[in-house]
């Protein structure tokens, strides 16, 4: 059973993380934020990460993508298509981040550069990673705007971040991450700062990316509903450790770990039924 | 003794308009944050106000407390128009109607200890109490909201979000108000802490005989604890009904859209 | 809990002190080597300036026509040399230090006091009051400052205390602007709204909530304002508008020294060095304080 599972894993395996530990040097001494985390993501699947603040869910993925703050360090392995991201140099990590791996942050308000037009911010990543010319990058930008269901208008390309709503900004963030055709997108609480109707639209976009374009998605959220509607498999984290993992259906309908059960009991009874 | 079905707060045709951009190039656009809103608050109930960003729900809270000047409309407290209140009467009103905000850390002065934060309302309204009497009251409140005594001399940045929110609640309740307005009190908290704070609010509601106004964008929370719900969109009340009626039988398309947008925590078998 | 237990619990919990933000800031400050060394240097210079002259054999106003323009020497006791009137340079530098440092402190204090009062009132109440108050500041800013000081000096005479006030009365403008800006952004914070909702009076909100939270930026600007004031005083003294004989300040000494630069280099180098070291120390301390009080994410 184990070996069949492993085989299934291998043929489609995109990212495999083993024994990941993340530490921080702080004024209060050395703190371990992530303890011995193992996970894998296959092509075309959506992995949900559930946890509260301090669970280490964000730091796990910051460490893989080289986004840890200067007082943090990690060990372990994170093999992305035969390449170990953890042991790579900063330059190598940057090659992957933005190109093969896209990262979407929680707060769309602060993630976009305030003084640059939207069109420039979209093109910048393509000219940097893929060496496209400005006009080629712009063409690609218009395509990508289509995918995130934003109008392909000149108006939008020439507007500044502060002129857009929160939902539109988040779509632009997703669009930017799509510019270099990533195989994996990591989204850290992408809808927490948004209204519920906007959230619904953004989650639909993630669904399209996964089902329609075969992009693997890691969706980090503390909202169980968001995870339930998008993820194939889910991992529950607490205090830096993975306390439960499995298919979304199994974990959410028959949780085995006490903490998972406790979390699920805290959700107010759902609206319909 | 207050009559259980007495109308204690009445809002009539409340409007809050302001020009879009002041300055050299005067724009003719007016932003209608609150556009002709009317509702009544019944003694002992929990009134929910739900809406998305820009719906005006937070503005209504601030208007009730006169933290923001209204453009027009009438707010009455036990039948008396607040506009006619003297300074003293206004101060009395403030004692009776208190508020807790969304950001647990932002609502506390970072330079003050927890003890002094909770003490402030006592100094304002009950200055005549002795130091010891005040301290006893503070510790009693800390007990009621589930804060351990040793936090008395601590500072907000040393506490968790949930603890800070409890401090805010203790501060709001120390002078025994009649109405507590909760402006998105759990939106910034972790899931398990949300549940704790909501339970706490329910307990305190019975213990202190409170009437609550509960503002949130989270429909499931509203459904769980409110008796009546106002649905707001762009400053206008779309629906004003009993909670059960609203969720079982939503009338307006916008309400239906809101309800259907909430992601279900029950996964489909794949 | 019964009353006895209650009281006991209260006593115990009051002994548990929290870790205030100031304690955190102090710790961060002491980790900054440049700031600590500068603090040390500044303290030494201050102590030496105040107490030093009592230990030296020469007086700052004693002229000695037999020993004019003496270079530094150990034997004569004129460790840093003498000036054109035979006065000992070291003692004069130390006296000058007393003056320059006290002007720095007092003038800064005056401008902070006026500036904070003005800025918090304008920022907190806003509206027409704010516009009116800031117009005044802008007009004063636009006035040619130097001419203003000269007029003051001419009208009221070159009284040393007046120099303090003249400088402070101009520096407050910058402080007022800074404080007003900070107040406006603080005003929007929820804990201020809560205080209003609690029914707190405006005066007490400013005193209890706004000013303590301004203390951070104010302290930083103070440490940057002191050197600026010292330079201003030196400049005025250099022009001959500052202190009068036989009192002296570093500005006066540098002014005199620059005239004798070619023949008596010590008259410029030593006062200049004291000035530079003090100003640099103040700047390092200011930088250290800024990093300590408003640390960026690390």
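We call the chains A, B and C, going by the order they appear; numbering starts again at 1 in every chain.
The rule is short, and it goes like this: a contact is a pair of C-beta atoms (placed from the backbone, for glycine too) under 8 Å apart; a residue touches a chain by one contact, two chains touch by 3 or more.
From a predicted model like this one, the values you see are computed outputs, not experimental measurements.
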Spell out the chains that contact subunit A while also contacting subunit C. B
Chain at the geometric heart of the assembly (C-alpha centres): B
Find the chain most remote from subunit B, comparing centres computed as mean CA coordinates. C
CA centre of subunit A versus CA centre of subunit C: separation in Å? 50
Separation of the C-alpha centres, subunit A versus subunit B, in whole Å, is 34
So the centre of each chain is just the mean of its C-alpha atoms; given that, what is the distance between subunit B and subunit C in Å? 46
Subunit A residues touching subunit B in their complex are 52-53, 166, 195-200, 203, 222-226, 228-229, 232, 247-249, 252-253, 262-272
Can you check the complex and tell me which residues of subunit B touch subunit C? 62, 65, 67, 90-91, 94-95, 98-99, 101-103, 106-114, 120-121, 124-125, 135-136, 139, 143, 149-155, 157-158, 168, 171
What does subunit C use to touch subunit B in their complex? 1, 6, 9-10, 12-14, 16-21, 189-191, 193-200, 208-209, 212-213, 215
Taking the touch rule as given, give the residues of subunit B at its contact with subunit A in the complex, in rising order. 52-53, 161, 190-195, 198, 217-221, 223-224, 247, 257-270
